[in-house]
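Both complexes below contain chain A, partnered by chain B and then by chain C.
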Partner chain A sequence: MKNIIEIKNMSYRYPVSDDFCLKNITFSIQKGAFTAIVGNNGAGKTTLCNAIRGFVPHFYKGELAGEVIVDGKQIVDYQLGQLGEKIGYVFQNPFSQISGVKDSVFNEVAYGLENLGVPVDEIIQKVEDVLKLVNIEHLRGKNPFELSGGQRQRVALAAIIVMDPDILVIDEPTSQLDPIGTEDIFDVIRLMKERGKTVLLVEHKMDLIAEYADNILVLHEGALVMQGPVREVFSDPKYATFNIQYPHVTEVALNLIDIGVPLKFIPIRNEELPKALKMEWEENND
Partner chain B sequence: MTNLNIRNVSYSYPDGTLALEDFCLSISSGERIAIIGQNGAGKTTAVKLMNGLLKPTKGNILVGDMDTKEYTTAQISRKVGYVFQNPDDQIFHNNIESEVRFGPKNMGFNEEQVDKLTNWAMDLCGVKNYNDENPYNLPYSIRKFVTIASVLAMDSDVIILDEPTAGQDKVGLERLVHILKVLEEKRKTVITITHDMEFVTEYFDRIVVMANRKIVVDDNVDQIFYNHEVLEMSMLKPPAVTKMAKLLSLSDGITTQAQLLAAISEKVKQ
Partner chain C sequence: MKLNPILNLHPLTKLYFSLFVTISVIIIPSYIFAFTWFPILLVIAIIAGVGKQYLDIVVKALVLLLGIVFIMQLFFYPGDQVIGEWWIFEATKEGLQYGLVLTSRVLAMGSAFILFFRITEIRDFVKALEDLGMPPMGAYIVLSTLQIIPEMRRQAHTIMEAQKTRGVETEGSLLIRAKAFIPILTPLILSSIASTEERAITLESRAFSAPTKKTSLHKLKRSNSDRTIPIVLLILMISLIIWRFFL
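This part shows the complex of A and B:
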C-alpha cells in the first residue's frame, strides 16, 4: 500500500514561541488506514493535525523544519485551497467550526460544496445523503447556533464528510456527545474507512480507539514517543510511563496483574477479558 | 447551608419548545449528585433553572428560602454557581487572574478575601502557571478549568459543573476528582452533568437520569446500571466495569473498578 502521508524529521515552532511544540517527528500513514493520535492535553496533537492539513505553516506561519509530504507532494508546495479539497478537518470545538453565515443546518452542510462551485442539484443530493448518514435529518431547518453541543458536533462532521476528501483529520469529534451518540459517530468514521478514506483521529476515549483504529501515534511533550498497531502500543509497558488513559479493560487487566492475578494476554477490548482470564481459571481447576 | 427544592417545574423556550416537564428534585446541602442522559434530554436546561439563568414557566424553584422567580440571576448566583458547558460562553477577560477575580470582587468581598479566594481557586484548578496567557490561547480543556476556577472563587454553597469531563485527558480527570474531594471537605453541594459513565460510577452515589425532558429515575448508582428498563428508556450505556462484570458472569451490583478487581480475585482463588 502506498503512503499517503509522510512526515520526516518534522519540528515546528509557533511564531512567538521560544520552544518547539513538535520535535523531530517521523512517521508515515498508508492510504486507507485509521490512525489514532493520543496523548495528554498540550502534547501537540492539534498542532500535528494542523501540520498535516497545511495550516502549519501556511496559516499560522512560524518555523517548520523537516518534511511533510501529502500524496507525494511537499506540503509547502500546495496552495491552502488545494489541501482543503484533499484533507477534511473537523474542529475540536464544534462551536468554532460553524461558519456563522448560514441560517440552517442544511445550508451549513452545503456551504463547502457551494464554495467549490458544485452544481446545485448535485449539492442537494449530497447534502441529503450526508444528513441521513450522520443522523441529523431532523435538524435540517434549525439554526446551527441553536443546537446543543452534541448536535453541533454532528453537523460539523457532516459539513466535512459532504466534501468527500481523501483524508479526514478529526479532532476529538465526540467530546460533547453521549455514549450512544459517540458510537454513532464512530460508526460513521468506520464507514468512511470502508469507503477507502484515510482517517486520522484525535481522541481520549481509548475503549473506542481499541475497537476501531488500526494504529496509534503517541505524543508526549511534542515528541512522537510510540507508534504501531493499537494492540502492540497498549500492551507495551512503555505506554504506562506517559500517564495517558488506557482502555478501561486494559487498566483493569494491569491492576489484576498487580494484585497477583495472572493473565494469558493483555486484553484491549471488553470481550477479551473472559478469554484472558478464563484459561487461567480452567488451569486452576485442573 | 443551601437546600435546593425544585417543585413541578416546566420550562418552555421563548419559541415554544418545551425543554423540561414536571421536574421535581430535592438536593440537600453538601450532597454530590450526577445528572446523566442523552444529548437533548434537558440536563442543561434543568441546571440553568437552578441558578436562575432561566426562570420556570410553571412550578417553583427554591434555593434555600429564595424563590428564583423573585430574585435576579445575580442574587441567585451568590448561592448557586454555574460553570457553562462551553467555556467560550463564559470567559470574557484577557488574562486568567482577572477572569477568576471578577466573581468574588463583584460579590463584595473585601480585598484580602478576594485575593485569598482567587489564589485558592486558581491553585486548585491548576491554572496558576498559565496566568499571563490569554485564556483563548489555551487548549479547550485548560479553558474549562479557568471557568471552574472563576465559579469556585465565588465561594457559593452550590456548584454546578456542566460536562467538566468533556475533552479531558487523564491528568484533567485526576484534577477534577481532586476538586470534588476538596469541595466535599468544604461541604459544598456539587451537581455535575456528564457523559462519562466511569466518572459517574467511580465518584458519585446519587444519580439523576433524564430522558425526554423528564427525570426517569433518581437513585443509587448500582440501582441504575443493572436496571434494564431504565437503561433502555434513557438510552444509557453502562460503564465498562459493568460490561466486564456481565461478561464474566459476576453478581450484579458491581459499578467500580475496585469492586470488579475484588470479585475477580475472589473467583480466581476458588
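This part shows the complex of A and C:
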C-alpha cells in the first residue's frame, strides 16, 4: 500500500523557545489507515499535527529539520491554501474554531465549501448531509457563538468533513463531550475510515482507541518512542514506562497478571478479558 | 418582514437614496426643502416597520447636536441685523438664517444615513460591496468585527462576574464601575490576541486562501425597483442641478 504521509528525521523548535519540542521523528502512514497519536500533556501531539497540516513551517516559523512528505510532495513545496482541500484539520480548542463571519451553524458549515468555490446547490446538499451525519441538524439556525463547548466541537468537525479531504487530522475532538457525544464522534470517524479517508487522531480516551484505531504513535517529551499496531503497543511492557493511560480493561488485566492470575493474551477491548480467562482456563483443564 | 418592499431593496439602492438626499440638500440652499426630508424619511421608516426605533435613534443622536449647532450659529454668525439679545450675546438675522440652513442640512444627511443603517443589514451591505469587487479579506474584517464585539462584551461580563465573586466592587457610581473595568482589560486583550492566531489557523483550515474563486450561499436579489429607482434618482438629480444652476 502507498504511504500517504511520510516523515523522516523531523525535528522542530518553536521560534521563541530554546528546546526542540519534536525530536528526530520518523514514521509513515498508509493511505486509509486510522492512526492514533497518544502522549501526555506537552508531549508534542498538537505540534506534530501542525507539522503534518503544514502550519509548521508555513504559519509557525521556527526551525524545522528533516522531511515531511504528504502525498508524494514535500510539505514546504505546497502552498498553504492548496493543503486545505487535501488535509482537513480539526484542532484542539473548540472555542476558536469558529470563522466568526457566519450567523448560523448551517452557514458556518458551508463556509469552507464557499471558499473552495463549490456551486451553491452542491453546497446545500453536502451541508444537509453532514449536519445529519454529525447529528447537529437541530442546531442549524443557531448562532455559532451561542453554542456550548461540545456543540462547537461537533460543528467544527462537521465544518471540516464537509470539505471531503483525503486526510483528516483531528486533535482531541471529544474533550468537551459527554460519553454519548464521544461515541457519536467516533462513529463519524469510523465512517470516514470506511469511506477510505486516512485518519490521524489525537485522543486520551484509550478504550476508544483500542476499539477503533489501527495503529498508535506514542509521543513522549517530543520523541516518538513507540509505534505499531494498537494491540502490540498496548501489550508491550515498554508502554508502561511512559505513564500514559491504558485502556481500562488492559489495566485490570495487567493487575490480574501481577497478582498471579495467568492470561492467555493481554486484552485491549472489554469483551476480550473473559475470552482470555476462558482460554487459559480451558488449557489448564484439558 | 421578508415581504416588506423597502427592506427588500438591494443595499446599493438604499445607499443611492441616502446619497441622493445628501447631495440634494447641498444643491438646494433652502432650509424648508431640507427640513422636508425628515418627515419623508420618517414615513419611509414607518413603512419599513422600524419607525419607532428610527425616531428614537435620530432623537438620541441628532437633537442635542442640532441644538448646539443652531445656538452657536444664531449668536456667533457674523451679521448686523440684531433680532434679539440675551445677556452679552446678540442674535442676528443672518445667524438665524444660517443656523436654520446648517441644522436642516445636518438633520437631512444624518437622518438619511441613520435610515440607511436601520433598514440595511450590514451583512447585506458588505456582500454588495464584495460583489462590486471588495477583496474577501476586507469583507472578513468587517463581518468578524461585527460578530466579535458582542462576543467580547459577553467575555467582559464573565470576567467582571468572576471578579465580583472575588470581592471586587463592580457596581455603584461611575467611578467605581470605571475602576472595576480597568483590571478586566488585561485578560480581555490578552485573550483576544491569543485567539487571533488561532482564528487565522481556523480560516486557513476552511480554505480561506484556496486559489479558486469563492462562491456564496448569500445572494442579493435585484428586483425591478432596484433597476428603476437608481435611474429615477439620477434623473431627479440632474434636473435639480439644471434647475439650480442653469435656470
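Going forward, the second predicted complex is superposed on the first by the 279 of 286 C-alpha atoms of A that agree within 3 Å, B and C clash if a C-alpha of one lies under 4 Å from a C-alpha of the other, contacts with A are read in each partner's own complex, and residues count from 1 in each chain.
Please note the rule applied: a residue touches a chain if its C-beta (ideal position, glycine included) is under 8 Å from a C-beta of that chain, and two chains touch if they have at least 3 such contacts.
Keep in mind that what you see is a predicted model, and the values were worked out from it rather than measured.
Contact with chain B, but none with chain C, is seen for A:Thr46 once the two complexes are overlaid on the shared chain. Contacts of A:Asn93 after superposition: both chain B and chain C are touched. In the superposition on chain A, contact is made by A:Val120 with chain C only, not with chain B. Once the two complexes are overlaid on the shared chain, A:Val225 sits clear of chain B and of chain C alike. Of the two partner chains placed by the overlay, only chain B lies in contact with A:Asp207; chain C stays clear of it.
By the touch criterion stated above, A:His248 is placed in contact with chain B alone, chain C being left untouched.
In the superposed model, A:Ala110 lies in contact with chain C only, and not with chain B. When the two structures are aligned on the shared chain, A:Ile69 is found in touch with neither chain B nor chain C.
When the two complexes are overlaid on their common chain A, residue A:Gln176 makes contact with chain B while staying clear of chain C. When the two complexes are laid over each other on chain A, chain A has residues 93, 95-96 in contact with both chain B and chain C.
Note for the complex: chain B touches chain A at residues 37-40, 44, 85-86, 88, 139-142, 163, 166-173, 195, 197-198, 235-237, 239-241, 243-244, 247-248, 257, 260-261, 264-265, 267-268. The part of chain C that touches chain A in the complex is made up of residues 123, 139-140, 143-144, 147-148, 150-151, 195, 198-219. Touching chain C in their complex are the following residues of chain A: 53, 55, 59, 79-82, 84-85, 88-91, 93, 95-101, 103, 107, 110-120, 123-124, 145, 159-160, 163. Across the interface of their complex, chain B is touched by residues 39-42, 46, 92-93, 95-96, 148-151, 172, 175-183, 204, 207, 243-245, 247-249, 251-252, 255-256, 259-261, 270-271, 273-274, 277, 280-281, 284 of chain A.
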